[in-house]
Amino acid sequence: MIHIPDFAHASTVQITFCFLAFITVITAFLAIFSRNPIHSALYLVISFFSIAGHYLLLNSQFLAIVHVIVYSGAIMILFLFTIMLMNLNKENEVHKPRITRLGAIVSFCLICIVLILVFINSKPIAGEYIATGEDYQSIKVLGRVLLNEYMVPFEFASILLLTAMIGVVLLSKKEKTEK
Amino acid sequence: MNTNLALLLLLAPFLGFLFNIFFGKKIGKTASGVVGTLTVVLSFALTLCFFSKINIDQQPIQIQLFNWIQISNFRVDFGFLLDQLSILWLLFVTGIGSLIHLYSISYMHDDENMHKFFAYLNLFIFFMITLVIGSNLLVLFIGWEGVGLCSYLLIGFWHKNQEYNDAAKKAFIMNRIGDLGLLIGIFIIGSLFPTLDYTTLKTAIASSNNLDISMISLAAFALFIGACGKSAQIPLYTWLPDAMAGPTPVSALIHAATMVTAGIFMITRLNYVFDLAPEVQNIIAIIGAVTSLVAATIALVQTDIKKVLAYSTVSQLGLMFLALGFGAYEIAVFHVITHAFFKACLFLGSGSVIHALHGEQDMRRMGGVKKVMGITFITFLLSSLAISGIPPFSGFFSKDEILMTAFHNNIALWVIASLASLMTAFYMFRLLYLTFFKEFRGTEHQKSHLHESPALITFPLIVLAILATIGGAISLPTGSWLNGYLAPLFSKEAHEAHHFGTTEYTLMAVAVLGGIIGITIAFVKYIKQNQVPAEDAEITGFAKVLYNKYYVDEIYDAIFVKSTNVLSRFFRDYVETSLSSLVFGLGKVTNELSYQGKKLQTGSIGFYLFVFVLGLCSIVTYLFLAQ
Amino acid sequence: MTNILNEIGIENYIFLSVILFCIGVFGVLYRRNAIIVFMSIEIMLNAVNLLFVAFSTYHQDAQGQVFVFFSMAVAAAEVAVGLAILVSIFRNLGSIDINNLKNLKG
Amino acid sequence: MNTLIAIIGLGILCLLFEIFDARKAIIPIVVIGLLAILGLDISEYNNPNTYYNNMLIVGKFSSGFSGLFIILTIFLVSLSHKFYENHQTKISDFIAIKIFLLAGAVAMVSFGNLAMFFLGIEVLSIALYVLASSNRLSIKSNEAGLKYFLMGSFASGIILFGICLIYGAMGSFDVTEISELSRSAELPIWFPIGIVLVFIGMLFKIAAVPFHFWAPDVYEGSPALTTALMSTLAKVVAVATLYKLVKTMNADISPAFQLIIVIVSIASMTVGNIMALRQVNVKRMLAFSGISHAGFMLMTLLSISKSSGTLLYYTSAYALAGIAAFSVILYVCKTKENEDITNFHGLGKNNPLMAAILTASLLSMAGIPVFGGFFAKLFLFNQAIQAEFIALVIIAVINSIISVGYYFKLILAMYTKEPNETKIPTPTVYYAVAVIAIVLNIALGLFPSFVLDLL
Amino acid sequence: MNVSLLLIILLVGAFATYFAGDKLASKVALLFSLVALGTSIALLNAYNVGENISFFKYWINNPSVSYSFTADGLSLIMLLLTTTLTPLIIYSSFGNEYKNAKSFYALILFMTFAMSGTFLASDGLLYYIFWELALIPIYFIALIWGNGDTEERKKAVVKFFIYTLAGSLFMLIAFVYLYQKAGSFLIQDLHKVELSRMEQFWIFWAFFLAYAIKIPIIPFHTWQAKVYQKAPTVGTMLLSGIMLKMGLYSVLRWQIPITPIASKTYLPILIGFGIAGVIYGSIVALRQKDLKKLLAYSSLAHVGLIAAGCYTLNIDGLRGAVLQMLAHGFVVVGLFFAAEIIYRRFGTRTIADMGGIRTQAPKFASLFMILVLASVALPTTFNFVGEFTVLYSLYQINVWFALLGGTTIILGAYYMLKMYQQVMLGETNSKVFADVNFHETLVLVIIIAVIFFFGLYPRPINELITPSLDQILRTLNRIQ
């Protein structure tokens, strides 16, 4: 069952979790609702930072750093550049027709309710969470796993990036007109 | 030897047919006519040969050729049975056939397709022989349908005239209605006694002790329907008068002397079957009597010379069925023979007149041809006397026997038959008076060309007239050669010559008196009072009903033809289209669905994802929440 | 060392993740600005990443975190390609409103 | 494994050719290289093995399907030469992307770990997004690319979420481990939900109803060669992967899940076929036809333990017919603005051979005997009936009948209409690809055992 | 020597014809069809001396399918019908000019190939494949070389194709289902399968749908008239002369023996369908304006009777049906050819535009008359033998069936003679009608000779087919 954190007796961890969760959800919402794309992007950055906070809370520092670098540092900058490039930092977006928005809200509620209900319906995880005490998320371990066990996917991810790269070049390269 | 002779007898006309079809046009009209005639004469000669043979040893000749149709429980062979009955029939079929062929050489000489005419006539003779000498019902059926075909071809001989073609078609189809009955009869017989062979069938019936009488009655009834079709009995008689569209020799041969008697032949052939079904016999008798009366009444007022004769034929056939109905097969056969003589003679005589008048058939346009056409007149008179039942002409004997049998069995039917006889005498002499006596009423042109027919036409007339006169001799009341000759065919001891007492003589007198009364009325009306039948429009009252043949054709047309056509049109225009649109409709519905479905494909990503999410939710809900 | 989930509970992470995921879905459906739609997709991916890390802790297993790297790589690649497409559209149409993209339908 | 490495090597080689300015040689070399790789793949067929901590499982299934993918790629690459005539500078990029796409495809059918699966599907998808919008100046192509991209990423998100839940339940990404664990009774509900989410994501990829909406739009908007790739290779890859996923991870499918499959299958067939009836654009029509075929292919999931041969057969027959059809479409619409059915008018008179090939491939898709498509359907029905899904088979049959309606629309247009213009010369390569593909299709029909018994 | 030789000859012939080019195509096709005829006669001989002429080779392992061709009397007679009619049909087309003749004749031979395969196959799936294959050539023949308005023709032909395909796909399901039960598609194994009543009923109706559409039995006949009308005469001949027989043959070979209980249960209903077809077809034929459509409906009526015969499940019905199939095959080809002869001269198929031909073309008139008479089953024609036997078998079931079925005698005569009267008789037509030439005469004379020969002496056919039919009935009655 869902257990509402008992704020009166909540531990620091719990309070932090709630706080971060709140920030994450709210900023995510704001990112979607704000009419100015730049604002959206900035809200999203905050949201990503709070997710990084979650990672830290879960004690995976490396991932948190990477997350910040990749998302806030790379992806969101890319977004911002594009927005600037297209000169979209105006609040000129006409809202979708009401029926579409209604549909969006309905489907949001629906999928939310359905998924949450499914998880609520499931039997709760009984007992203590295992804690082996082993190190499993330090850079060292992660590096080992990534480059030993997950060597092939790791290499394959490079193909993915290569493909994306070629693709992007393909899409943006101006053709040399023959002759 | 017998086989070869019989085959020659059968095939001679067929070879004539083939010859005339392929070479007839090349060798010229007369030659083709001669070939056609000779082949039939050859058959006649061979028949005589067989006749003499059977008279000597009394044994029927059976010939098996080859296996034809194989049915689960019996098989049908091509085979011939030459017994007393078939040879008798052959005699007058080929005999009269030869005469009529001869007649036709002259009669049809003006027609460009004379070779075809002879080919068809030969083919007819071939099929008629097949019908008669077949050893089983299915071979009979070949002939039965074959003569129907020839009748069709010959009625529609002048095929440029669609009315004639209609008549031909009508004849064929009405015959086919009967044929269906015959087939059903054949089926029943075939499944009851697994055989169709006459001889085997006869022994099977004789030896069997638990016969399914009801089925046999049904078979007999079905066979009788077949006979009705071919022999023009109520309700299938209307084709015969229409069949007069064909050339007159055809009417004489097919529609008077031979083909129409096939029904009587068949019933006589299967007498042992009909004897087991007395109810059917009653029906036959009643139908026969009624037909004879109805046809006679119609004949009273007809003005077309051939129509009168046609109805007369129907009426006479009715009398024969009356006899059959009483089980007096030999009497029916006797009347068939005498009728063949006098009716053929009458038809040919009328043909002679028509020929002289260049195709005029309406008696109102005739009259007084006696003066130029002496031979025709005399032969016609003799035949008319024969048909009217005036002694000592042949018709008297045969008709009298029928009436006598009727009197002994059923007074009511006797009254009907007597009335019909009386009317026969009247209309025949009406015909005679209107045609041959008084002044000529036709055009001047016709009058100037009036002439006696050539010898080729008068010779058959004379022969037939003689036969019509003396033909009664074969079965005199005092001692019947015919009865003796046919005796082996019938299981029960044939109706012994009636003991001649007062009743018989009285009856005879009544019949003769009836004939004389009929003649007298005709005489008074058409000679004394010099009446001429009114023009079509002026006919009123009951006469109009009679003149229009009780409107039977119209009724049939309305009930069967029209309704079939309406049904056909309904099927064509509505059922077909709706069935078709039902199938097309499925396609249309799918197409419409497709058209509506296209609207769903809005092109909007939002909508697509909305459906995606809905799909996801419903699957998850079904799997994890609804269980 | 105790498992941090003892205090928070894996369910809460799941719920958070689900809600975040759904917000992403909502964003995709709700907005017509393609860039924001991209961002929403990023939110969805991040929701999953969060859950991966939570499960990784739950199982005390590094693989989940390794998977997050892949997921990030994928996200980066997708964004790159997506933005390239978007730029190309913007060049052609002068707008990135996905509601204008209804030429293909029916 | 070697196959995958060789493919990637070939892709990189292809890029190198660009650097050395040997564009003319790219396509021949790639075709030859792919043929060699096909040989390599065949050699792996009899050596089932796992590589790198179970990351890749090479076996009959994977090498069988890989072989099919390679053959399809050979065709598609051969067609590229003419198609990209006017984009000579980009040809190495196009070819390289296609080869990497093939690599992704091979990874997808031979994955032993969900990471490989996910990366494979992403390589495939990203390559497709690029290819779909590769005609940069065409608004339609852009729109297709964006639609595909947005929806595809959305689906990727779903798949990723599913994978995450599976991991949450199992603590592992290794399919063999997952498969073993899934037999134990105590499972958190995350696992089935995860499976279902991945399943739904894959349904999107194979364009099954109700996740199919993207397909017609994207097929129509994309350049014809990309459409050919999507409707043949991509679809086949997705189906094969879905099959493998369901098979390896969830040995016994619950009746409820079967019902879902049945419903999706029926819906795909019906919607696909009905919607195809009124289409004017041939590519769009084939997209809907592809949706209906996806429905048919889903039927294999109902008797999952023994239907891999049937699936390989069905996909081969379908894809070969598709290749043949698309090479004709490419030929016909080369100089046209769109792929409307009017462009096909009078093809029977102008170019009887091409018309005959298109007819044959459409007949194959409709399931008329002697062509591979018939046997494919037959084997499918056979197995479905064996698994006692007669109602489904009956609906499938009714759908086959409907499908004849639109396939024949095209045939009718070719044979009964008068040609709009004079004959245009046919590049030999179109002939060659079309003929070889259709001959292979007929050969499949005549010797079905050859493919059917592979797996 | 085995039956596969014949199939190979026909297939090779089809290709050879295609490659022979437009000019030679018709002659090459004729040559190959004659060779096929010769081969089938040789096969008949071999069969009669007891040689094994069947062919068996494994094809697909799983599901187990094999190239299995067996020829018993029934198959052989159908094969002979096919190979006799094909040269006739090809020869009959010599008076016409077809564009792209090589494809046209190649398709004809290919269709013959497929139909022969259907008659010979003894593996259910193989049979089904041939069954479907036969559909494709006729589709193109009708579509491309047909006559009349293109749009309407398209509609009719596509409807025909989809409709027949729809029916046969259900048969495919039935076969697949049977395969599950029997583990084999071979007919002898299918005969051994024990099916429950329910299963039999479903399978029976699945088969019925396929055959009822193909034969066609009302109310599944709606494709027929239009297609007959729109197809080129050669196509119509192939359809009516041979292809319909595929359906009837299949009833005997596949449907009845596999589902004995269902066949017996539904016997009256099926005979009712057949007889309804007889009456309905005849009545609709009465008022047709198009000669080919009229003949199509007459065909519907005749085939209804044959179907009724097939479903009587007694030896007479079966035998009669087979005889009638052969007879109808020849007669209907002759009649359609007669229609074509008129079309060649008058350029019309509308009955109202005809009439008065007999005076101009006496030879043609006679030949046509004989065909008409054969069609109405005049005794001594082949049709009579069949019709009599079938009607007798119907009588064995019920006298009413015989009576109603027998109305064909009356109605058939009515519409055929009416047609003949309107087409041939009456005042001489103002348009010139040249009498039949040598080619045309030869075709018609051969047909007529066959009709009369077997009308008088059907015994060889009887002896050939009876053992096979007995075998079918034995299989049928294996469960009492």
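By written order: A, B, C, D and E. Residues from 1 in each chain.
Heads up, the rule we're going with is that a residue touches a chain if its C-beta (ideal position, glycine included) is under 8 Å from a C-beta of that chain, and two chains touch if they have at least 3 such contacts.
The structure presented is a predicted model; accordingly, all values stated were derived computationally and were not measured.
S.K.: Going by the stated contact rule, which chains contact chain C and chain D alike?
M.R.: In this structure, the chains that contact chain D and also chain C are A, B.
S.K.: Which neighbours does chain B have in common with chain E?
M.R.: D
S.K.: Just to be sure I understand: the centre of a chain is the mean of its C-alpha atoms, right? Then which chain's centre is nearest the mean of all of them?
M.R.: So the chain sitting closest to the middle is E.
S.K.: If you take the mean of the Cα atoms for each chain, which one ends up farthest from chain E?
M.R.: Looking at centroid distances, A is the chain farthest away.
S.K.: Taking each chain's centre as the mean of its CA atoms, which one is most distant from chain D?
M.R.: Greatest centre separation from chain D goes to chain B.
S.K.: Taking each chain's centre as the mean of its CA atoms, how far is chain A from chain C in angstrom?
M.R.: Result: the chain centres lie 5 Å from each other.
S.K.: Using mean CA coordinates as chain centres, what's the chain C-chain E distance in Å?
M.R.: Distance between chain centres, rounded to whole Å: 66 Å.
S.K.: In angstrom, rounded to a whole number, how far apart do the mean CA points of chain A and chain D lie?
M.R.: Chain centroid spacing, chain A to chain D, equals 31 Å.
S.K.: Averaged over CA atoms, how far is the centre of chain A from the centre of chain E? Could you give it in whole Å?
M.R.: Those two chain centres are 71 Å apart.
S.K.: Which residues belonging to chain A are in contact with no fewer than two other chains?
M.R.: Residues 96, 100, 103-104, 107, 111, 115, 118-119, 121, 125, 149-150, 153, 157, 160, 163-164, 167-168, 171 of chain A each touch two or more of the other chains.
S.K.: Of all residues in chain E, which are in touch with two or more distinct other chains?
M.R.: Each of 162 in chain E touches at least two other chains.
S.K.: For chain C, give me the residues that contact two or more of the other chains.
M.R.: Only 10, 14, 21, 24-25, 28-29, 32, 38, 58-59, 61, 63, 66, 70, 74, 77-78, 81, 84-86, 88, 98-99, 101, 103-105 qualify.
S.K.: For this structure, give each pair of chains that are touching.
M.R.: Contact pairs between chains: A-B, A-C, A-D, B-C, B-D, B-E, C-D, D-E.
S.K.: Give the list of chain A residues in touch with chain B in this complex.
M.R.: It is residues 96, 100, 103-104, 107, 110-111, 114-115, 117-118, 121 of chain A that touch chain B.
S.K.: For chain E, which residues count as touching chain B in their complex?
M.R.: Of all residues in chain E, those touching chain B are 159, 162-163, 219, 221-223, 225-226, 280, 283-288, 314-316, 319, 356, 358-359, 366, 373, 378-380, 385, 388-389, 391-392, 395-396, 399, 402-403, 406-407, 409-410, 413-414, 417-418, 421, 424-428, 456-459, 462, 466.
S.K.: Once bound in the complex, which stretches of chain E touch chain D?
M.R.: Per the stated touch rule, the residues are 59-63, 103, 125, 128-130, 132-133, 135-136, 140, 143-144, 150, 153-154, 158, 161-162, 165-166, 169-170, 172-173, 176-177, 179-180.
S.K.: Mind pulling up the chain B residues that touch chain D in the complex?
M.R.: By the definition above, chain B touches chain D via 587, 590-591, 593-595, 597-598, 601, 603, 605, 607-609, 611-612, 614-616, 619-620, 622-624, 627.
S.K.: Which chain D residues qualify as touching chain E in the complex?
M.R.: Residues 309, 348, 352, 363, 368-370, 374-375, 378-379, 381-382, 385-386, 390, 393-394, 397-398, 400-401, 404-405, 408, 412, 415-416, 448-449, 452-453.
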